[in-house]
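See the structures that follow.
Paired with subunit B in one complex and with subunit C in the other, subunit A is shared by the two complexes that follow.
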Partner chain A sequence: MPIHDQGYRRYLGSRGAIGKSWQVITRAGIRTVLSKRSFIALMLLAWSPFVVRAVQVYVASNFQQASFLAPKAETFREFLGQQGLFVFFVTIYIGAGLIANDRRANALQVYLSKPLTRAEYVAGKLAILFFFLVSVTWLPAIMLLLVQIMFAGSLGFLRQNIFLIPAITLFSLLQVLVASMTMLALSSMSKSSRFVGVMYAGLIFFTAAMFQALRGITGRSSFAWLSPTDTLEQLGNYVFRLDPVYDLHPAVAVLTVVTLVAGSAWILERRVRGIEVVQ
Partner chain B sequence: MIGRTLSFWGASRRVFDLSLGEMLWSRRTIFMALVVGGPVVLALVVRILETFGMPALRVNGQRIGGMGVFGIVIWMLFLRFVIPILGVFYGTALMADEVEDKTITYLFTRPVPRGAVLIGKYLAYLACTSLVVLPSVMLVYFLLIRLNEVPGTFMQLLTDMGLLFLGLAVYGAFFAFIGAFFKRPLVIGLVFVMGWEQTAMALPGYMKRFTVAYYLQALVPHSMPSDGVVSILQGMFRDTPPVAVSLTWLAVYLVVFLFLAARTVDRKEYILEQ
Partner chain C sequence: MPEPQSGVEVPLTPSFWDPSTPVVVCQQVSVRYGKNWALQDVTAEFHPGAVGLLGPNGAGKSTLIKTLLGFVKPDKGRMTVIGMDVAVQPLDIRARIGYMPESDAHIPGMNAVSFVAYCGQLSGLPVADAMQRAHEVLYYVGLGEARYRNVETYSTGMKQRIKLAQALVHDPDLLFLDEPTNGMDPKGRDEMLELIRDLAHNKGVNLILSSHLLPDVEFTCDRVVVMDKGSIAAAGPIEALKGPAGRVYELRIKGDNGAFTAVLRREGYECHDTDDDVMRVFVPGTLDEGPRVLFQLAAREGAQIRHLRPSVPTLEDVFARAVGEV
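What follows is the complex of A and B.
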């Protein structure tokens, strides 16, 4: 049998453009997640509030007696607020292992030995989470707006509430950005995806519990900045032009979100490295 | 040399000895310390404000006493957050950790009953979490309560500590079963604690009886604070079962889930991912 030459051979394939390698990670990640049946079940569950709201819009549009169910601007804010629960579970389901599993399998070094920068690696991982989180927040909310137009048979509601499109986009983006950046940063800090999941749950619920306890003790809601969930809720109300729920200045709420995202970016910059110095 | 086979409880004790050291001196303990450290820091801040006579402890002009603040901390932080989250974290990890680290093979090749491995690890979890949580509760109590109030309120502290211990035990047993049975125990555990329990407690009828929180909250000697829509709903539909009934059901949950967890470990074939 002939023995083939296993020596150096020039690469004959096509070269991807610089800065596009992250798409490979994203595509592979999305495909892996979509192959899990339990995740499909979670996504179906996450879309169930959309179905309920769509029925509500249908009934309100077709039956005069049910006109009190007609959607308002608040309806979309409430809808996105409800989706927060699914954002939490989808974030844990997908995000916990995104970097932690690579660290566990020592795959980070393999990734970064390819023509792929650290920023591209992080962007690729972030895009996976972004994709699925957008599909449980922005996508159903915009679909709901379309459903309203379809069932009402007029653009009247949209014309009166044209700010809803940027409001839905901005608030969804805030929800998704905070959840995905925080989770990715936590995922880079451990090799166990379970530990990452608990850390994320701890961060979300512990800060909320601390805020509620402080609120109960002091009777003031100005400590809402302690809890990312409540800070987002406050920002959501500003974005949708509703009365604020807490006594928290919007600048402080924005600062909290910026600090959280910047802190996560800093952690990622420190933790995602090809070479790990072991002491 | 062929060693003598250990009895079930003897084997559990051996696993307990081994696991306790591992659990206490691990990164998880840092997480647990952070979790239980929050209430202590909060109590310390309240104490400092109280010492300087600042109006932080007044709601609508009314001063909240130390016991009122302690009750809020027990409800909001320990009962609703610390106990369930530690139960999920440690309970689901009892077997899942061994599967994930691929070390379960070594445990199962020892001449000990498989169920004893789980029981030993469960007891280690209970000892480890109690050793961290209960002292922090005591610390919070002594930071918030003035010395002259201690004789009148000490029994409430003991009740609180007892019910928190019971909570750790029952949640731990439940999540030990979830961890032994399911492949993705963490998500299921979080759905149970943060999804099912919160929803069921806010619904009228019998739904809430299928939660641990319903029986646990019935034992709390402090009044329930209402801090949001869910709390208000929970308060509206709240019915408090008698103490004896609550204790009985919690004991039933504990025994049943611990038995199921041990039985699952005994019979399940764990396939390690390559």
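What follows is the complex of A and C.
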């Protein structure tokens, strides 16, 4: 008789509460993404505007001659606008394969045979994208604010512009929510992450081109709702109390964002299933 | 007695479930895909142990399993798995079962041990326990040496084994195995069947094996549920469905077939002629009595027995009878 059976043994240990499996998906997803060197390079690039802005704040705070560089409320709006480019790249890099790769490998039936609802699966995947998009939008913007306070040595700027904290948070969340929900919905529609990436880029560029074409033809910018990027631009200006860029009512802009997010949720509800039923 | 692993001990099975009762109960379950009924009023009980779910392609086996997993909502009917209602406690059920899907399925970009440990964590195991179980289960299914290889580089047989490993890692009370030997070479198939048999007969894991391969089911299972056209065609212990062995004999004689058949019938034996001058005789009683009785009768009637063979009913006969092929 063997002193230690290396065969199958019953498990008598503890089991976690049901409803937390989405965290497992998120943790594993974040670990996988961080293990890619090319992604680390992309993140460094995404943080380079922060470094430039931090230097700007430092110079403005320490050299009288450079006081014209001192940050204003709109500096933070501009900063988040610039970060939109990195939101685009990070969304494609991480998001394209989030569900598409699982569909290619038939992993959905593995996931959904575990104590995990479809909503938890989507939440787990969404949280991966959320984490990285927040780290290129909200996190550097808030850190920039902290850098400003640090270099200025007073809370004067923050007191005068206290709305900046909710404004940065709200606009970052809008950017992240629209990008991640749209990408996740597209990712659930294909088994090829490359195709999803092309679809997302196509959606962003095509809608922007359509808006510009209509603007050129009609001379009106009220069609900005056609382009998610321009709709966010408009909302960003409202949130930061700046003059609107386009002739687009804020309610229409909000409705566009809600429609986009709700449409993405509807697609995800239809596509994330344990089996595919061909009728 | 297995060694308990770290953590707080919890009961293996829900306290309200009596292990002597069926692991799965289906009551008039119907599922429709568009206009087609995939399952029609399926009423069945799957008892503890190994139960084969047999049926030709399109019989509704996979649909039944996917309905039990909660992937498909039944149009009507009620189902319980290890004492829990599928419609009410799907997550509690999935925490207690393991599912080995029919098609290739893995989490992309992971090696085998990470994949299996990840599945353990998804089922609620703590990180350390999940990793320990992943190593153990991979050794058990025969992938110990290949456990650090990316799953995408695995052969078909290895992919089948890793699907079994991910279904086992959290030590389920009930395993659903959907065509587990698909695409495996003969040696790999035998090893897989041995594993399944070991799990059911030595490790106390209840399992439902869906297959259209009768020998697989016959080798691993004690009971069978036969499905055809979305309905249950037969169910019960395999031995009972096959009937008592050794009581039907194939017989060929030299002489007047018709006269000898009449004699056998007069003596009270059930006897049927077949197309190629072989008659099938049913001899009630134990295994050893049949040949002696038949030889005595032949000697008395002056007939010469040229061929005598016990006709052992196979699961194939049961299956063919159940789906109306004979």
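Some observations on this one:
The rule is short, and it goes like this: the second predicted complex is superposed on the first by the 265 of 279 C-alpha atoms of A that agree within 3 Å, B and C clash if a C-alpha of one lies under 4 Å from a C-alpha of the other, contacts with A are read in each partner's own complex, and residues count from 1 in each chain.
By our rule, a contact is a pair of C-beta atoms (placed from the backbone, for glycine too) under 8 Å apart; a residue touches a chain by one contact, two chains touch by 3 or more.
All values derive from a computational prediction rather than experimental measurement.
By the touch criterion defined above, A:38 reaches subunit B but does not reach subunit C. In the superposition on chain A, A:18 makes contact with subunit C only, not with subunit B.
Of the two partner chains placed by superposition, only subunit C is touched by A:109; subunit B is not.
Residue contacts after overlaying the shared chain place A:212 against subunit B, while subunit C stays out of touching range. By the document's definition of touching, of the two partners only subunit B reaches A:93; subunit C does not. The larger set of touched subunit A residues comes from C, when the choice is between subunit B and subunit C. Of the two partner chains placed around the shared chain by superposition, neither subunit B nor subunit C is touched by A:153.
In the superposed pair of complexes, A:9 makes contact with subunit C only, with no contact to subunit B.
When both complexes are overlaid on chain A, the residue A:202 reaches subunit B alone and has no touch with subunit C. Look at A:274: by the touch rule set out above, it reaches subunit C but stays clear of subunit B. Put simply, subunit A uses no single residue to touch subunit B in one complex and subunit C in the other. Across the interface of their complex, subunit A is touched by residues 27-28, 31, 34-35, 38-39, 42, 46, 56-60, 64, 69, 72-73, 76-77, 80-81, 85, 88-89, 92-93, 96-97, 100, 184, 186-187, 190-191, 194-195, 225, 227-228 of subunit B. Residues of subunit A touching subunit B in their complex: 38, 85, 88-89, 92-93, 96, 192, 194-195, 197-199, 201-202, 205-206, 209-210, 212-219. Contact residues of subunit C toward subunit A in the complex are 2-10, 12, 33-34, 66, 69-72, 91-92, 94-95, 97-99, 101, 103-109, 118-119, 121-126, 129, 133, 136-137, 139-140, 152, 166-168, 170-171, 198-199, 203-205. Across the complex, subunit A meets subunit C through its residues 6-21, 24-25, 28, 32, 97, 101-102, 104-107, 109-117, 273-275, 277, 279.
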